[in-house]
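In what follows, chain A forms one complex with chain B and a second complex with chain C.
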Partner chain A sequence: MSLFVLSLGFGLVTASVLSVAALGFTLQFGISNVLNLAYSSFMTLAGFIAYWLNTQGLDIWLCLLVAAAATAILSLGLSRAVYEPFIRRGARSFEILIISLAVGVAVTNLLLAFIGPSGFSYPGVQNASVYHFAGLTLTSDQLVVIAIAVALMIGSHLLLTSTSIGRALRATAENSELARACGIATPRITRIVWLLSGALCGAAGVVLFLSISSFTVQSGQDFLVPIVAAAVLGGIGQPYGAMLGALVIGLASEVSAAFINPSDKEVVAFALLVLVLLARPQGLFAEAAHRREVIT
Partner chain B sequence: MRSRVPLALTAAAAIVASLGLASCAKAGSAGTAPKAHATLIIGLFDPFTGPDAIFGQEMVPPCEAAVKVINSAGGVLGHKLACKVVDTRGDPADAVPAAHQMIATTPDLVGIIGPSSDEMDATAPIINAAHIPFVTVSGEPSFNHTHLQYYWRNTPSDDATGYAMAARAIALHYTRGAAVFGNDINAQANVPGLLASFPKSGRKIVINLQLAPTQSSYETEVARVIATHPDVLFSEDDSQTSATFLGEYKQLNHGKLPPLIVTNVGMQPDWYKAVSGAIGKQLMTDATGVQTYASFSGPAYAAYKAALLGLTGTPDVQQYFSNTYVMSYYDNVIMFAIAMLAAKSVNPVVWNSYIPRVTGTGKGVVVHTFNAAASKLPGTSVNYVGAIGEQSFNQWHNSSGGFEVAQWLPNGQLKQLAVITAAQVSALQNGG
Partner chain C sequence: MSSAAQFYLTNILVFFGVDLIAVWGLNLQFGVTGIVNFAFIVLQAAGAYTAALLTLGPSSGNGGFQHYFGGTSLPFPLPLIAAGLVGAVLSALLALLTRRRLRGDYAAMVQLVVSLIATTVAQNQSGFLNGSAGLALVPAPLQSIMNLTPLGYAWFYVGLTAAVCLIALVVVRAIGQSPLGRAMRASRDNEETAASIGLDVSRIRMTAYVVGGALAGISGALLVQYIGTWAPGAWLYPETFVYFAAVIVGGRGNVLGVAIGSLLINIAIVEVTRYIPQFGPAGFIDAMQWVVIGLLIMAFLWLRPRGIVPERARRYHLAGPAGASRTVSQQATDRESQTS
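Showing the complex of A and B:
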């Protein structure tokens, strides 16, 4: 029983990291219709921006903010410099998917060329305090990561439901042609989303690297499949779905590791994904997801 | 559609350029056979990108150091040598075309250091069919009895390492071992030997877990291990997995770790850097490892260190002073050159069979350097004993000596604690 409770706590941490990443990924897809597989490479980039700043003496949580801002700008730049020209020329979703994969490979290898293959750690990561409560054992960093995830979830909810930008975002995600006809500046909304998703991507990169203690230029890419899985499980393009999908995958993988060979914990999580999609192909949290093209 | 072409080309060029920059590959020349006075190429066929990129990166300094020593002495039979990086990316799907391309486009390729275990099964037959001698550090037990004529291995196989880990734990009177190995073929190859030899005379393996690599968390796995109260932890995982696992172990175990016995994977500078960042440098002294034996003293070791220090433009060569795998890469290039001198030929088909004749035969004059060998050959038989010690290849081209037990120090250096002889390992393998 205690191992089960412990694993629930650990699953919550995994889900928190995953939810931040999956939220940004799915939000951006929901508006732009670009399945951006370079996302994880930009997470890595953000993690290293934060690392560099941290080694210069900046507090890690300030580093997170700066890295998120930098990644937001880079993400918008990527959209404008790479994806938009292809989309204007009529590139299909599959072509954009491959281009995003190419961008991700290029970014990762450029990082490898300049940073090298070695592992890095944020200074002081091993000194986090440990707290035991209600059968759970969590470190101070993990508690902050959970708090960040919760804050971002609430912030996203408020943005989507209580602001004019949020309403425009939802309208564009639902039907961009109709939104444009209603006077919403959809190109501007799309660029705002690239900024938002870039910021979430950057934040996710830093919390991921905090979580894994030691990271390399490959570490973000290792996380791409769970991110996409969480987004698809929740209903691709659905922010609340991504949060729910992250929770399911995070908890399923950690709780299963308590009782089976942990080498198979991802198998359990992805088997669950397949089962859910068999029963509900549009995902857990999607009214409109079934209308959305994922891969053509 | 035509207007897309420049953008597509730009994207493709960016990828190719980044891949090329990352692997730092040097251009090879076209052709099919070594020409008179042509520069002979030693291929470094290993991962230079991807999760195991460190494997290949560690090959470059020793190869260049050995080549510099050989070329400074006038080269081999009128030929200079050079090292060429060939990136396998640690993936058979990439390694197979890379092997074909390397062989097809490098006419003066005379020897290869590699492949790693990542691509060994897929590419060893290709290299062998091209009649290029290759020395691997892959510990795959499936090559213990291979009939590939151009295959050579002078480091122990992984199954022997499992017995050596048990020998160390038995010597220290540990009784409750936890086995936590990666789920890849290389790490798992250690487990049968460990399970066969440690659980005797009241000792037992209290838990045997396989870890999926590079997960964002192993806390549940750590909690399971802690619950079994092990007094020793056996492990082989990549540096990132180990860093995350051990960092979380320390956090959940009140800042402490049990004594840790790792394999050569845990004896690499890359592993030290990653793990010490996660658990702190002071706790690194809990980690000891078993790896190929080397003396770290004597004339061959002095020559190896001097060669590394003679490199210009290679930062921090000191990190390789106690890395037995890097030492073996250096020795292998020297061994190739000496075999060519002994065979009086740079044709790999000719000098391949001279490898066992210039190493560990018990005959000939013992030499520790290329210069010493060159002064004797071809008139006098030589026995090259390099930095990793004497080699003695069996009929399957494997030379497996003893193991050293080394401990990490807080300053990142390794301290040799003990030696496990080949006879001790053999006794455990025979049920002792």
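Showing the complex of A and C:
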């Protein structure tokens, strides 16, 4: 039992990072219809931007903000410079997918070429203290990671429900033609969502690197499939579904790691995804997310 | 030619042959039928493991330092054939996994996940395929009974690879020119129209999956029996991406085109960079190869989406009124001139 609770703690940390990443991934897909497999490479990029700033003496939380902002701009740039021109030319969806994979491979390997394969950790973050409560054991860093994720989830929820931009985002995700007919400037909304998803992607990258003791240029890439799994599990394009999906994937993989061979934990999460796709390609929570999302 | 140069040449020829068989398989799926199979490399890996397990003998052999299941020693052509069968069966299973009408990119993403699961399982189950260390000391076919010098054997293997390539070429060309090939192209270009004229699109796709999978499996078997080792590091998911690059750059749907693409992407980029003096941090050039492949894909999809040697536009002949053979486009022109 205590092993179960302990693994629950790890699961919460993984789920936190995953929820931020999957939210950004799914929001952007819901609006732009681009399955952006370069997403995890941009997470790595953000993590290393923060690392560089951190070694320059900038406080790690400022690094997080700057890296998120930089990734937001890079992400918008990627859409404007690469995806949009191809889409205007009528590229098919699988061509966009291959292009996004090409971007991802290029970015990851550019980082690999200039940074190399060695492991890093943020120099500004060392004094981690350990907290115990209710059988859970978490370090202060892990608590901060969870807190950031919760704050970002609440912030995104407020953005989506209580602001005119958020309502326009949801309307566009639901039916972009109808949204445009109602006077929503959908191209502008698309640009905003790329910025927003880029910021979440950047934040997720830094938070991911904070949560693991040593990160390499490959660390973000390893996160690609869990992100996709969480987003698909929750019904792709559904922000709340992605949060739930992240929780399921994060907890399922870490809790199962406590009871089976830990190196198989990813297999459990992925196998879950494949089963879901076989039974319900629209995702587990498509309806639930629909009810909460659409009818306002 | 010095024997070192000859070894180098034989290596390149065998690798090229293996890549040719694989890209022809992928081209049949992606180029001709329009299936995006991001787990393609798993089929090659499965063929390689099959051939390795069927030649290595029991796990206790070689001092028992490797742990794997069901090792036997079958005589030469059988492991190769079995590898093709395993590739075909696994490919059919992949097809069933995405049989539901998932959007093309969505289905591809699922297969990417399958590819990662396969790698993780092979890496972590140490008793299954010897874990991340992989299988080594895979015996080369007929080497023990042929009594050749290592160089002579290398040339023999070049011949063997060439023969298998030739068979693969005959198969993919025969399919490409047959009614089945036309049906494949039709279901690629417009699924709804193809279905509306009575073509069974999912069955056509299944055929492409199976034949492509068999070719992938055979290519893996040829490779493993030549290099003697096979490990999970050899078939990570970006390797599928390299074969896609070859097909896109060479010319989707064109057998000659994808062969040129394979020569450029699989062979030239790796071999040319071998002669660039190392500079920058360790592994710089290797990483930059991937960057170049990524940029090449984007450049070709933008500037020359149909590749170096585009698929030729086909004209199908219909019997004319006087029994003369006329093309569809000629008839269309006739109709236009009649109406105007």
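Convention: the second predicted complex is superposed on the first by the 276 of 296 C-alpha atoms of A that agree within 3 Å, B and C clash if a C-alpha of one lies under 4 Å from a C-alpha of the other, contacts with A are read in each partner's own complex, and residues count from 1 in each chain.
Everything that follows uses one rule, which is that contacts are C-beta pairs under 8 Å (C-beta built on N, C-alpha and C of every residue); 3 or more make two chains touch, one makes a residue touch a chain.
Bear in mind the structure is a predicted one, so any value in this text is a computation, not a measurement.
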Aligned on chain A, chain B and chain C: do they clash or fit? clash
Counting only touches as set out at the top, which of chain B and chain C does A:93 meet: first, second, both, neither? second
What is the contact status of A:187 with respect to chain B (first) and chain C (second): first, second, both, or neither? neither
Looking at A:77 after the superposition, I want to know if it touches chain B, chain C, both of them or none. Which is it: first, second, both, neither? neither
One more residue to check, A:155. First (chain B), second (chain C), both or neither? neither
If you stack the two complexes on chain A, which partner ends up touching A:214: first (chain B), second (chain C), both, or neither? first
Let me test your reading of the model: by the given contact rule, A:225 touches which partner, first (chain B), second (chain C), both or neither? second
Thinking of the overlay built on chain A, is A:102 touched by chain B (first), by chain C (second), by both, or by neither? both
With the two complexes superposed on chain A, say which partner A:17 touches: chain B (first), chain C (second), both, or neither. first
Chain C versus chain B, contacts on chain A by residue: B
Looking at 8-16, 26-34, 98-106 or 206-214, which bit of chain C clashes with chain B? 8-16
Note: overlapping chain A surface for chain B and chain C spans 82, 85-86, 89, 91, 99, 102-103, 105-106, 109-110, 112-113, 116-117, 261, 263-264, 266
Chain A - residues contacting chain C, complex: 35, 37, 82, 85-86, 89, 91-99, 101-106, 108-110, 112-114, 116-117, 225, 228-229, 232, 236, 261, 263-264, 266-267, 270-271, 273-274, 277-278, 281
Sites on chain B touched by chain A in the complex: 3-4, 7, 11-12, 14-15, 18-19, 21-22, 24, 49-51, 53-54, 57, 183, 209-212, 214-221, 223-224, 227, 239-240, 243-244, 247-248, 250-252, 254, 270, 273-275, 277-280
Listed in rising order, the residues of chain A that touch chain B in the complex are 3, 6-7, 10-11, 13-14, 17-18, 82, 85-86, 89, 91, 99, 102-103, 105-106, 109-110, 112-113, 116-121, 125-128, 130, 137, 139, 208, 211-216, 218-219, 222-223, 226, 253-255, 257-258, 261-266
Touching residues on chain C, where the partner in the complex is chain A: 36, 97, 100, 102-106, 108-110, 112-114, 116-117, 120-121, 123-124, 238, 241, 244, 248, 280-284, 287-291, 293-295, 297-298, 301-302, 305
